[in-house]
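Sharing a structure here in structure tokens format.
First chain written, first letter: the chains are A, B, C and D, and each begins at residue 1.
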């Protein structure tokens, strides 16, 4: 169809209009590219499993000297997995309340003039490299927290977390979980902030019109709306905490063990930190053990994420 | 509209890309060949790798040989002794650095022979004193005997005012506080040599190893030398590291008992150890030694790291052969050993041993 | 351009939204569809240019032909159908990234058709004149389309629709988001456009149907959950004075839910 | 004290309220309390905690006495939100301050233009090689991730709405956001160990590792932006007889381009500081290496920071902070670009 110069021409005259189009090659090709791109993601994830598997499966059954003194792969990976989860949960416990509060601060409490720069700074911090956090945690924060360690061990020793000889330099899981919390805080905050900001104004105004205070408005209009977004924000934070490597490797004095105690000189070692520390100086056998633990970490985060998705989906369905 | 706004999106992108290209087009300011001082004739690139304990020494040697031969590039990847030997055996590395001598426990020696077509050359190249460092309030000097050290690091001696410590330090005001021994949480040649020393001293039940034994309770781990340095901020801590790192970070060092006297770590005292050690080489090309950890000779510091270089006697490619030969000769030369001593704090090789090693390396073709 | 609809039912997956519609829409006239919410009149309107296919799982049974050509026949490209049958939506939706000028030419621009500047200018002018908007915007053609008032935006959308020279113009409650003055302007415009285009309009406003249309179709639901169906299709005058069906009368006189 | 709630609110509109500026009064009292604690020898931190607690308890308590429970709760929460903000900001500012103050001392023209080739002891070196490496590796990651990410998002939003493949992909993208960064590095390392040879570490490997981390964030942010384009606009385009792919490329994408570019730049700034995967996949190299496909390690800024630190020397630590500041500036510039692009391409709505 060509474009006639005069759109006012009587359209009724043009009776031989051709409806069968010149095909939709463009659509087919474009759609094809999109499908291929989407499928590539599946391929990539499968490739991660396959290649880690090829290089890592020999690591399940090598000579026992390569299991860092734990005798077998299971003996090594179970404590590591425990520590990975433990450190991440500790970080979440610290980070989530703060993240939600800061997100609320930015979206609903702070004056615009403050909120925008604060939001910007928080976003910026999401990109601070983990080595810098590690550096700061080990050199600056750890020593600063030594008195706190001593205080906790003196006064809260009835909690298993603090029952024991405190560290003299702050290189503990306690310090690391605070640093980890600071690291994941920007991620959780920025997502929460976005979902809070997306609360329909109508809901908020409806709540205010009913005479609700600001907190009641947040509680009854904002939170219910944002719940699934908040869960996925927390999950993202959990994901980052589970996989965090350098900061923990640099801060914590690690040992392969299962323990609740977090302020001493022997702290449970996480998978990622174990890989990073073992990686530098390693034989091929040891390397395959490390890749195998990496595979386990990947499978584990996969499961955690899948579980989280499932919970979010179920929450939505209700 | 749409085309224009897409075009507008492209403009900054292209600008950024061009800018990046423009910057990367020129080399690093210090890498442009100056052409004046270098007179060496070696050219090309050789790649080696292995023990990270040699990293600083290798950096000094690489700098030295590249300054002398501007057309030569030497790459040393500090990937660890095991991976270094693996790389050497599979031909990925033309030379390798390793903390433990190549042997046939896992068939590595045989494979290396196959790769080289002859007995591989193995020479000591890097000897570095390991300092035992401590941080105890009110204590500036500490003398310890090997057994006590082993007791401290294995967690049997737990208080600073333990009689075993007091015995060798009658004048020190030792506090009644806990000892926290710091070890390396990564696999390290320094640690392997240190535990070898402890094992030789007695009172250490574990097998010497680059990895800290999992069976020892207590203590604290640090990632790399840097990790141990940070850990040493804690009061009541004791640890070990390259003597140069201890000096660099102003940490107090322990004098260890050798014979009747107490010796502080120093390059000079460490360099005497090889001459006192027994050769355990498996071939004429192999200069591996069993370090005399229990020596009682005066002025010798036995807590040292000894690290070796691996090379083939012959290479298929003549340029590679010349480069490896030139580089290894430089490492073993008096100048090379001095350079490493200055930059990395290592102990220069005893000249007698170095000359013997130079003979082996000189035969590379 | 007459439109013939025969035994047409519309489905969303398993759900039958509209059942057995048969009607004949006269060329160059205004046909209005009225009926309660959810009775399928908008859905039906969208099948006239295959816009309902945008929703996955939607399909049509029966036959709809425009000027004798089955628009659901094999080899028929829905894109070509839409070029013949333009559409104006409930809310004015000018393209936010485009100026007024570009909005009018959007049909060409989006298809990457190259046209001469002079030709483009004349298309823009005649389309805007056709939409009674020329005098209001001729001095700010390069300003964003989103900067106009609601009524102006809607007329811009009409201009955009007629710039591709359709033969039929579908309007889905075009005035529901507008104030009375803008509504009057659009109604006037519909009167004028009638001489050139076949117009089908869905409206909630019975007075509007009575004012602008020549024929009226009344859609209704038998019961909640049941598909919508066409109750009556007659000239507007008859519809509003003596409808055939008692339900129609009930709805029009307001005696209906 | 009127203890009313929503259900039996009396018709009178005024009831007892706190005086204007009550929060300032309580604030002053809290500061005084903190000062008292300081005088009693609690230390700065202890005093701050006491003062804060005084405010957090005192203000709602007053509201509870004068107004009602609901108002008190509201005041308590407001106080908590402000406190949380203040407390969380402390480490953030502390960190930024440390990086800037310690890094600034190291920055010099030499530091930015020298590599570490042949640099020993106290000789001047720099991170030029690492900077180039970071640009190249991140560039590779971007070149891989952006098309795949954007096209995937287009598939999910424009084509796959609700079908099984789209649901699977959405799920996998979510899972992918949780891939630990070191696993991405190990994957690239394992992949190229098999494809190229054992122990292969090079720039491209690092790029592949980073793209694995970057793709999901590109997909997610693009998806969000495409969702924001109203369906009205798509329908308007279809109704003009525009095929779907042209609607997407010429109308949907340009409308969303600001947000997409912002998202992409932010995702770059997220991966640019990754250390572990690059340590594993691209290795380290004191020399400038600008050929990402050559089997030779490529230095990057985060790895530079890490290796400088492991030197355990004063100079190493200094260089590490310098590197941290450079990376920080890089990220800040990227964020700034993202913001500017976002505003330039934002759809014009103004009159």
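Simple rule for what comes next: contacts are C-beta pairs under 8 Å (C-beta built on N, C-alpha and C of every residue); 3 or more make two chains touch, one makes a residue touch a chain.
Model, not experiment: these values are computed from the prediction.
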A-D against C-D, pair bridged by the larger set of C-beta contacts: A-D
Chain whose Cα centroid lies at the greatest distance from that of chain D: C
Interchain centroid distance [CA atoms averaged], chain B/chain C, Å: 81
Rounded Å distance between chain A and chain D, as computed from the means of their C-alpha atoms: 12
Chain C and chain D: spacing of chain centres that average the CA atoms, whole Å: 47
Cα-centroid distance, chain B relative to chain D, in whole angstrom: 38
Residue list for chain A, restricted to those that touch at least two other chains: 24, 250, 276, 284
Chain B residues counted as touching two or more neighbouring chains: 1-2, 5, 78-79, 83, 86, 224, 226
Multi-chain contact sites of chain D, meaning residues that touch two or more partners: 198, 243, 246, 249-251, 254, 309
Of all residues in chain A, those that touch chain B in their complex: 68-70, 138-139, 142-143, 146, 165, 167-171, 249-250, 253-256, 265-266, 269, 273, 276-278, 280-284, 286-287
Complex contact set, residues of chain D against chain B: 110, 113-115, 117-121, 124-126, 128-129, 132, 135-136, 139, 197-199, 201, 249-251, 253-254, 257, 261, 283-288, 290, 296-297, 309-314, 316, 337, 341, 344-345
Chain B to chain D touching residues, read off their complex: 1-3, 5-6, 8-9, 12, 20, 23-24, 27-31, 47, 49, 56, 59-60, 62-63, 66-67, 73, 75, 77-79, 83, 86-87, 90, 92, 224-226, 228-229, 241, 245, 248-249, 339, 342-343
Complex interface listing, chain D residues touching chain C: 161-163, 230-243, 246-247, 250-251, 254-255, 347-351
Touching residues (chain side chain C, partner chain D) in the complex: 49, 51, 54, 56, 79-84, 86-87, 89, 91, 93, 95-97, 106-107, 109-112, 144, 146-147, 157, 160-161, 164, 170
